[in-house]
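A, B, C and D are the chain letters, set down in written order, and residue numbers restart from 1 in every chain.
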Amino acid sequence: MKLNAAVLGATGMVGQRFVKMLSESNWFEVECISASKRTAGTRYRDNALGFEYSDDILDMTIEDTTKNILKDHDIDIAFSAIPADIAGKVEADLAEKVAVATNSAAHRMDDDVPLLIPEVNPDHLGLIDVQRKKGWEGSLVTNPNCSTIVMVLSLKPLYDAFGIKDIKVATMQAVSGAGFTGVSSMGILDNVIPYIGNEEHKMQTEPKKLLGSLEGGKIIDASFNVTALCTRVPVIDGHTESIFVELESDPTADEFTEALRTFKGLPQELNLPSAPKNPIEIRPVPQPRMHRDLGNGMAVTAGRIEKVAPNKFKYVVMGHNTIRGAVGASILNAELMAEKKYL
Amino acid sequence: MKLNAAVLGATGMVGQRFVKMLSESNWFEVECISASKRTAGTRYRDNALGFEYSDDILDMTIEDTTKNILKDHDIDIAFSAIPADIAGKVEADLAEKVAVATNSAAHRMDDDVPLLIPEVNPDHLGLIDVQRKKGWEGSLVTNPNCSTIVMVLSLKPLYDAFGIKDIKVATMQAVSGAGFTGVSSMGILDNVIPYIGNEEHKMQTEPKKLLGSLEGGKIIDASFNVTALCTRVPVIDGHTESIFVELESDPTADEFTEALRTFKGLPQELNLPSAPKNPIEIRPVPQPRMHRDLGNGMAVTAGRIEKVAPNKFKYVVMGHNTIRGAVGASILNAELMAEKKYL
Amino acid sequence: MKLNAAVLGATGMVGQRFVKMLSESNWFEVECISASKRTAGTRYRDNALGFEYSDDILDMTIEDTTKNILKDHDIDIAFSAIPADIAGKVEADLAEKVAVATNSAAHRMDDDVPLLIPEVNPDHLGLIDVQRKKGWEGSLVTNPNCSTIVMVLSLKPLYDAFGIKDIKVATMQAVSGAGFTGVSSMGILDNVIPYIGNEEHKMQTEPKKLLGSLEGGKIIDASFNVTALCTRVPVIDGHTESIFVELESDPTADEFTEALRTFKGLPQELNLPSAPKNPIEIRPVPQPRMHRDLGNGMAVTAGRIEKVAPNKFKYVVMGHNTIRGAVGASILNAELMAEKKYL
Amino acid sequence: MKLNAAVLGATGMVGQRFVKMLSESNWFEVECISASKRTAGTRYRDNALGFEYSDDILDMTIEDTTKNILKDHDIDIAFSAIPADIAGKVEADLAEKVAVATNSAAHRMDDDVPLLIPEVNPDHLGLIDVQRKKGWEGSLVTNPNCSTIVMVLSLKPLYDAFGIKDIKVATMQAVSGAGFTGVSSMGILDNVIPYIGNEEHKMQTEPKKLLGSLEGGKIIDASFNVTALCTRVPVIDGHTESIFVELESDPTADEFTEALRTFKGLPQELNLPSAPKNPIEIRPVPQPRMHRDLGNGMAVTAGRIEKVAPNKFKYVVMGHNTIRGAVGASILNAELMAEKKYL
């Protein structure tokens, strides 16, 4: 018996990948797709150009995201890829009734909303109990920004084993992160663009919540600093990040590498369907076109690890931004919610 | 009266640009071009595919770099673009008789060889006097690695005004830096490659010599640390660098920006032909395709300047790697040598 | 004394290049720039991101294209880069009073409007006399579609020397042809898109008018057939075209090549400022990044010429689509109009 | 029971994909890999950078292609990806003893060697009987050039249904077709290169053999003409071809499209493991990044079909050059050989 899923914002880059990946999932069934008023009422066939779909999916009619989809559908969980500006209200309304797993930024930093990476902070799901106390029958769980996820997956074993004092990160981010039309070819061919709106703020704040601790129904932020400088590069999928990290303790380069290589989280233990065997693959030179599909796009790849001074390391981590960094992230969140009986 | 120039290693990417730029110079005349045994004896026409040249240039016959070119030509200065492995001996032999301005890495860190950026450390030319003392009639002057030049031009006004304690830099470097065939299209299309052999070592050591002081015929290195992580990206020309810098003092972001914007060096004062009006242009978002040709490729562009904590800043600097970072660098060095009566 | 120019639609890709090239022209002065209501009233500085401009230009205030710019400005000629859908009326209204040189498609096929390439059909300017007869004080001259111009420049000497029966052309067109945001990076990275709306129709009809003859105030179309298949490729500037041509007569490959190489037109004879020395450069393998700037972007480059059967040839021609194919084309048209006393 | 396979030339682009695809095949087992003397004796792990492999494969030792691999291995079939210049002798020697399926061009046009596309001319396998008559215990079967395969798959149903008089084709070919280092990034970024050595000759001759008929142990070539103009474009995988075809008869555009859409060949009938369900997929705008993986890379995609005159059509066809156009082609050939008891 599969769980019934709705996909909100199903015509954008992230939304289309939600539909694609959910249509191939063993745990979820695409029951309803919605988008803006502009496309509502048309068939998915006429709006979905990014992937190849089955005819069943292509024949579905798009509904209006702002209408109550629960009236006509029996939904177990809604996956949201709607723009941050309207996600705020739509997702909160929906969460009163049903589980919502969202990739939108609107509620990520809300006190009672888990910002979740199942390998990193599965216990933060406990915030759903706080949500229930204010009367919600449903729940709202968010995944972090794509660049944040890729980085924090690599930080988690370092944080646990060695402690983290300071992070400086320079990203090289794929164009898919800006949606189908976010980056023009005139902008990016033979070019890099060292500016991505809001991205640096997200990378500088989200990791502290993710690696924070849940105490008495509240998240206490981790105390390290993050400084980020974000750049768009002419790559389709896969964010690459050059990281300079200062640790609390002083491991060898081998100990540092082994901490990453041997890392496993709760999804691996529970054998969740979207969980990669190894959350972190080690390669000498991580590269987006070569490694973004490792673990079906759910593993990140780390390498170029070098100790530069006592407590100080540089390394590179790369991950698939629309799978591990967005759609797969939300689906893995939902799988954990199902396993933990929150659906 | 133009100065007679030889170009050594004239068939590679850098060598071809030497020929191109010198053929358009008002101070130098291309008198002789040389390359490896493989092409020696053929016409330049049959080996030079990277640029459009005049027929005069195309009709020149390539000579053998390892032979004594001074026997047949009256040369005032030799510009060298020969591979580091053979540059060591060839350049040293030549410098005994004639002035040599080289882009090769072989002698950059030699005690008595100036590693020169005319806007940064023109006084290091004084090392030529040390060379003369050991009997050389000629001289040997090197320009730094391309990534180093772009970064250090932006560091110079910061170093003078505020002092520098620590630098972390993540580069995004153009494919032209690896020569015509150094980076395959299968390697770089839809990809970035976070590894460039030897590059990080050069970026971590050369800046300390460049910003060091010449005292008693020796360079005393500057004392800050540099940590570099270097990546190749699908850009033709223009290295972009994300920099995290910790200063000795604590300027405002405006003071930091003004130090860069108002910076002038000796080449600007002397009005050398290759000197850009402003060594550092300020733009909100520096980008290689948009800004690499500013100042005829001799200006670097800085931007995205942000203060992140007391004494700590992040910013981006970008410059044309084969002009400002190589060929134009050597030619500007030679112009300064000419002006200072070393030719 | 320069002629006063207005640039209509000055914020798009073509409009910005108009402003850039006219600001560097010796014959024209940018007196007025206009765009849509959305940007009217703002400074050019805040809307022009594609090129580097002087402060004089950046400080100009954008006017509303749909308002009467002649009221406030003394204009000798208006250059138009406005979208085809509104160009129809705006340009016709303006042409009643003043000379208009347009890159828009709206009026290209009008009976009394010259579709002009000065090297190809300068006598078609005679249609201005027809325009004058219907009471216009001004005039309206159009340049062809970018792909058409590149191809027809190479067809002209073939048509004159050997006659043309049939043309099949497959294009590989640069992304700049679609404007700043016309082609998304998600669409074109690691991809080609063999569809460009309306392009094939233009390439199949415009050449027949261009190589037609003006008789009794009317253009009699040339009688050959053109079949076009148009593709977008990941190139910034420069349209490359693979052409299969059947001629009326049977030259050798050398005669075919010489016809192209030695071709000169009226602009060369009159020495117009934008006229390239050779309208057609011959290279073994024409390529956009290598050759698009030949003749300051006003020469096209032909090569790969091969005779495949009696009367039948294949060859490649490439030209800069936004210079020779659009902005430079209009400016050269205007220069011819000035020389012929139509301004 | 799988068949034992050797891969000759296993370190190049095509060779590596052979190893990758055969290691995932249900019919074949990689028993032996060989390459040039330079890498012989080393492990595959140290030479194979293009794909991710299992440890079993990575631990294999590379043998010397020019030595007799049959001495130490029990081989059922050798897959060859060796360079054309040495393939001539090596493959002929080997074929005396064992079945050889090759992607090399050396023997493609030999009178007694099948140039095979299983959907197009499976009966040409009958030439193996001619090979046997001259004493070979093994056999030699070739697949066509990558561009030829993509085109001829689309020509086959047209040839059978309507007859073909003339073809003009302009290709846009992926860089993988030139191997890992064949096309430099400096050559192809922001560029197209309208020249590929030998390619046009192959495209102009191979289709006539492929669509020829086997009569009395000899192939009688088909009689249409092909004129090809080949261009390299910045695409990783997937050759796109703009085709102008003149038919013997005069179908409607719908009949033309249906002939392509409904086409099935013998591999589909026999349900061979590598056979795509539909050899030709129809899409409005075929594009390499979108469609190259259809049918696991073994389907070609056609579209943009338009009737331009009686008997005359234009259309686009695109296919994965290293799968359908090379490695998958050879493997499908071998599957047909196995099914037909030639192994």
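Operating definition for what follows: a residue touches a chain if its C-beta (ideal position, glycine included) is under 8 Å from a C-beta of that chain, and two chains touch if they have at least 3 such contacts.
Small disclaimer: the values here were computed from a predicted structure and weren't measured.
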Least hop count linking chain B to chain D through chains in contact
1
Would you kindly state whether over half or under half of the residue numbers at the chain C/chain D interface are used by both copies, giving same or different?
same
Just curious, how far off is chain C from chain A if you go by their C-alpha centres, in Å?
47
CA centroids of chain B and chain C: separation to the nearest Å works out as 40
For chain C and chain D, let me know how many angstrom lie between their CA-based centres, rounded off.
42
If you look at chain A, which of its residues touch at least two other chains?
189-190, 234-236, 289
Interfacial residue positions of chain A with respect to chain D in the complex:
52, 189-190, 236, 289, 294
What residues on chain D touch chain B, complex-wise?
13, 50, 175-176, 179-190, 234-236
Contacting residues of chain D [partner chain C, same complex]:
168, 170, 172, 189-195, 225, 227, 229, 231, 233-236, 240, 242, 244, 284-290, 303-304, 308-309, 312, 314, 316
